[in-house]
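Consider the two complexes below, in which chain A is the common component and chain B and chain C are the respective partners.
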Partner chain A sequence: MRTLVDWLDERLQIREIKVALFDRKIPKGVGWIYTLGSLSLGIFLLQSVTGILLAMNYSPSPQFAYESVSYITHQVTLGNIVRGLHKWGASAMVLIVTLHMIRVYFMGSYKYPRELSWVVGVFIWLIVMGFGFTGYLLPWDQKGYWATMVGTTIAEQAPLVGPALAKLLRGGDTLGTVTLTRFYAIHVLVLPALVLTLIALHLFFVVRQGISAPPERDKPDGPHA
Partner chain B sequence: MLEPWKQKVRQRYDELKKLGKPFFPYIIFKDTLVIFLAFLVIFYLAAAVGANLEEVANPTDTTYNPRPEWYFLFLFQALKFFPGSLEAVAAIILPAMAILFLVILPFIDRGPKRHPLDRPFFTVLGVVALVGLVSLTIMGMEAPMLNPVIHRDPQVMAGYQLYGQLHCNYCHSIQGRGGNAAPDLGTVGARHDRDWLTRHFRDPNQVTPGSVMPQLNLLPEEIDQLVTYLETLGKSEPFTAAAPKLFSENCGACHVIDGNGGEAGPDLTAIRTYRDKAYLADYIQSPQQHNPETAMPGFKGVLTDRQVEDLSRYILSTQRHHH
Partner chain C sequence: MAEPHKKAEKIVPASSLTPDKIHTWPFLVRNEFIMGVVTLIAVTVWSILIDAPLESPANPARTPNPSKAPWYFLGLQEMLVYFDPWMAGVVLPSLIIVGLMMIPYVDLNPKGSGYYTFRERKFAVSVFCFGFLILWIFLIFVGVFLRGPGWNFFAPWQEWDPHKVVALTNVDLNMFLAQHLGIDMLRDTVVQAVFGTALIGAYYSLIGVFWKWKSKTIEALQELGVIRYGIVAFLFLTMMALPIKMVLRWTLNIKYIVKFPWIGLNI
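On to the complex of A and B.
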């Protein structure tokens, strides 16, 4: 083990990485509320694993989508648990990412020098909502179908770009076969690629700059005077 | 050269960092513990509540009232405060402005002051926005959701509301919801025309002798609204008694409907959830135009146009029955 680490260190300087990642000091006063970001990442991993498991048995065509979800629920070993985890994980993801954002907002942690972490974070939040919107249709049941109908009807009302946007989402004038395959592609290819890139950036910023310290009152003789 | 306040921010951060603990093992322990606890909750919900699967999507069922996931409820609820042409304000313009605000926030609110009490404007703004979002979500959970088809046509909407106010559902039911003392209205739009329904509301006994339905003494415009709503129910078109026979003779060897038929071709039960009549009729006549690979013979010249229409209506009327 030791020799393997030495061998790798000689070539890749992995001890430097260990120092930068694990030995970095976290400022005093960072409490439990600061775990929301890591928790978001944990739930994201849960969603990735359960999502991959679901995709292995799911068929993204209106003819078979409902049947395949029903198959996952009733026949696949632990299939109903995996579906349950993915569904409740989605709710948890939205909740925790939002709480994380609220924490950063009220603590003013988006301020200098962490402006970019915040901007990237806002886009991650939007993508999380996008995951929720596109995933809802995939079982092709009444709830998903009609909620998506409402959602795309709303998009249609946007000034100027509305009708084009709705058409792009649905893949035509009506909600049908193409909509399902399109939502599936967005849900499992487009959004994961985008969110992985943004998460990588977000984490890079956090490790590089360090997590923000708890806010302190602005005193005339204080540190910010 | 760094501005002085920025230098101070950095200095103070370095001081606090020196006083802090290393990421491993202290912080990573906290993170892991919280993730573990959250996973326990998610596993519990997945096992105890699970994920439900409703009936298969049915685009013709305009009585279905969709409810979005809880995290989109605020948006759906907000729409109700902006009727008609103003809907775009609530649906698109306000959310777009909110997102833009969030993106540029760190470039509006600058400087060293971070404590919520030192930035009263942004703190109050945040509290107001949060209270708004949470109340909208709670209101959305309590309010009934409406089908978008009903929602779009004010006449249908008014009829739908009258249906509720008059407590029609004490005796009648639609898609299994309501009483069973009186006929099911789920397909009433296919069974009766406007004229019949209007006369029925004026005096039920006149069109259905012996009907126990009370005379409601409705205003003419109220009758109009109710009829417009009822007409939207069960809009699948009528087919003749010959249609199921046409199916078993021409299609049944390869296709299944509701469990009966051959297996060589796809099951056509509930195909209306993803194909419309024009497509189906055209496919029956010349399948190779839509799917060059198919082994299905074309029925152009074999069946008359009227038979194809009849057959399409029949196939589109079929619904999956779930256990």
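On to the complex of A and C.
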């Protein structure tokens, strides 16, 4: 093990990565609420794993989508739980990412010099919503179908670009086969690629800048005063 | 224009190693690990206990009543009651996103960076509490628990009666005023358009009025500068338009403040 690490380190300097990530110095008193960010990442990993497992048995076509989800639920070993984890994990994701945002807001952690982390974070939050919106349709049940109908109809009302946007989302004038394949492609290809890029950027900022410091008792203006 | 970078000396670079700093490993990573495991267990137990819902197969011919979006979109769906779709579904969400991204650039207060304080940033904390926690969570709550067929109000313990009909007594502001103040001129389409535009113009002119009135006395306003102030004030007033319209709807059944039937825009 040691030799393998040495071998890799000699070529790739992997110990520097370890130092950057784990020997980082962070302010004392960093407590539980500072774990919400990495927890969001954890839930994202859960969604990736369960999502891949679901994709193994899912068929994105109106004829078979519902049937395949039903098959996953009733026939596949632990399928019901994997689908449950993915479904409830989505809610947990929205909840935890939002809590993370609230924490950052209340502690003013978005302030100079961390503005960009915040802006990228807002984009990530938006993509999380996009995951929710596109994923909702995939079971092709009544709830998903009509919620998507409501959603794309709203998009249609946008001034100027509305009708074109709705057509692009639905892949036509009506909600049908192309809508489902499109939503599936967005859900499993486009959004993951986008969110991975943004997460990498977000983490790079955090590691590079260090997390913002909590207050200290004897310094009313915070530790930096 | 204020100088945003003058507080730079207050920020300690992450690389500086002061004694009041600790290593990520094990102090933070340990907590992160525990939180991860606890959350994973919680979601797993939840998934075992409650099956993920799967309704009957999609049927384009049968519209469910109500058709609700996932809970995190219900605030948006609830906004559709008070504004037309282009406003509630497009303009306002876009402004929410833009507004969120603007926060670090319009909040120049160097205090409260990295720690919680209400005293040192009263406005920032209050606006967020109101706009996000109260308004947004309240809308989601209404959408999830209080809305039933026809998007009518139902108490959570009430049975959903799809035949419940709520008399459509909503009136537009001009008709309301014409009726109650006897100004019949307002019934005219053109007159109401002019009147409504003036009303909204007056509402947003509060931005300038407040600036004229307070910019000399409130130091934070001067530091913000007129452009940043304008952006904040515009977003703030737009946000407040939602509770204003909600109250108008609930108390006086008022639907639109102004209508432009020629281009199909109503506010």
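Definition applied: the second predicted complex is superposed on the first by the 214 of 225 C-alpha atoms of A that agree within 3 Å, B and C clash if a C-alpha of one lies under 4 Å from a C-alpha of the other, contacts with A are read in each partner's own complex, and residues count from 1 in each chain.
FYI, a residue touches a chain if its C-beta (ideal position, glycine included) is under 8 Å from a C-beta of that chain, and two chains touch if they have at least 3 such contacts.
In this text the structure is predicted, and so the values were computed from the model without any measurement.
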item: Fit or clash between chain C and chain B when superposed on chain A; value: clash
item: Contacts of A:K143 with chain B and chain C, given as first, second, both or neither; value: both
item: Chain B versus chain C as contact partner of A:R208, first or second or both or neither; value: second
item: Chain B versus chain C as contact partner of A:T177, first or second or both or neither; value: first
item: Touched partner set for A:N80, first chain B, second chain C, both or neither; value: both
item: Partner chain(s) touched by A:G130 [first = chain B, second = chain C, both, neither]; value: neither
item: Chain B versus chain C as contact partner of A:Q63, first or second or both or neither; value: first
item: Touching both chain B and chain C, residues of chain A; value: 21-28, 30, 32, 35, 38-39, 42-43, 46, 62, 66, 69-70, 73, 80-81, 83-92, 94, 96, 102, 105-115, 118-119, 122, 126, 129, 132-133, 136, 139-147, 149-151, 153-155, 157-159, 162, 175, 210, 212-213, 215-216, 223-224
item: Contacting residues of chain B [partner chain A, same complex]; value: 5-6, 8-13, 16-24, 26-28, 30-31, 34-35, 38-39, 41-43, 45-47, 49-51, 53-59, 61, 64-72, 75-76, 79, 87-88, 91-93, 99, 102-103, 105-107, 109-119, 122-123, 126, 130, 147-148, 152, 266-267, 271, 273-275
item: Chain A residues touching chain B - in the complex, by the definition given at the top; value: 21-30, 32, 35, 38-39, 42-43, 46, 62-63, 66, 69-70, 73, 80-81, 83-92, 94-96, 98, 102, 105-115, 118-119, 122, 126, 129, 132-133, 136, 139-147, 149-151, 153-155, 157-159, 162, 175-177, 210, 212-213, 215-218, 223-224
item: Footprint of chain C on chain A - complex, ascending; value: 21-28, 30-32, 34-36, 38-39, 42-43, 46, 62, 66, 69-70, 73, 80-81, 83-92, 94, 96, 102, 105-115, 118-119, 122, 125-126, 129, 132-133, 136, 139-147, 149-151, 153-159, 162, 174-175, 208-210, 212-216, 221-225
item: Chain C to chain A touching residues, read off their complex; value: 4-5, 7-8, 10-15, 17, 20-25, 27-29, 31-32, 35-36, 39-40, 43-44, 46-48, 50-60, 62-64, 67-73, 76-77, 80, 84-86, 88-90, 97, 100-101, 103-105, 107, 109-117, 121, 124-125, 128, 132-133
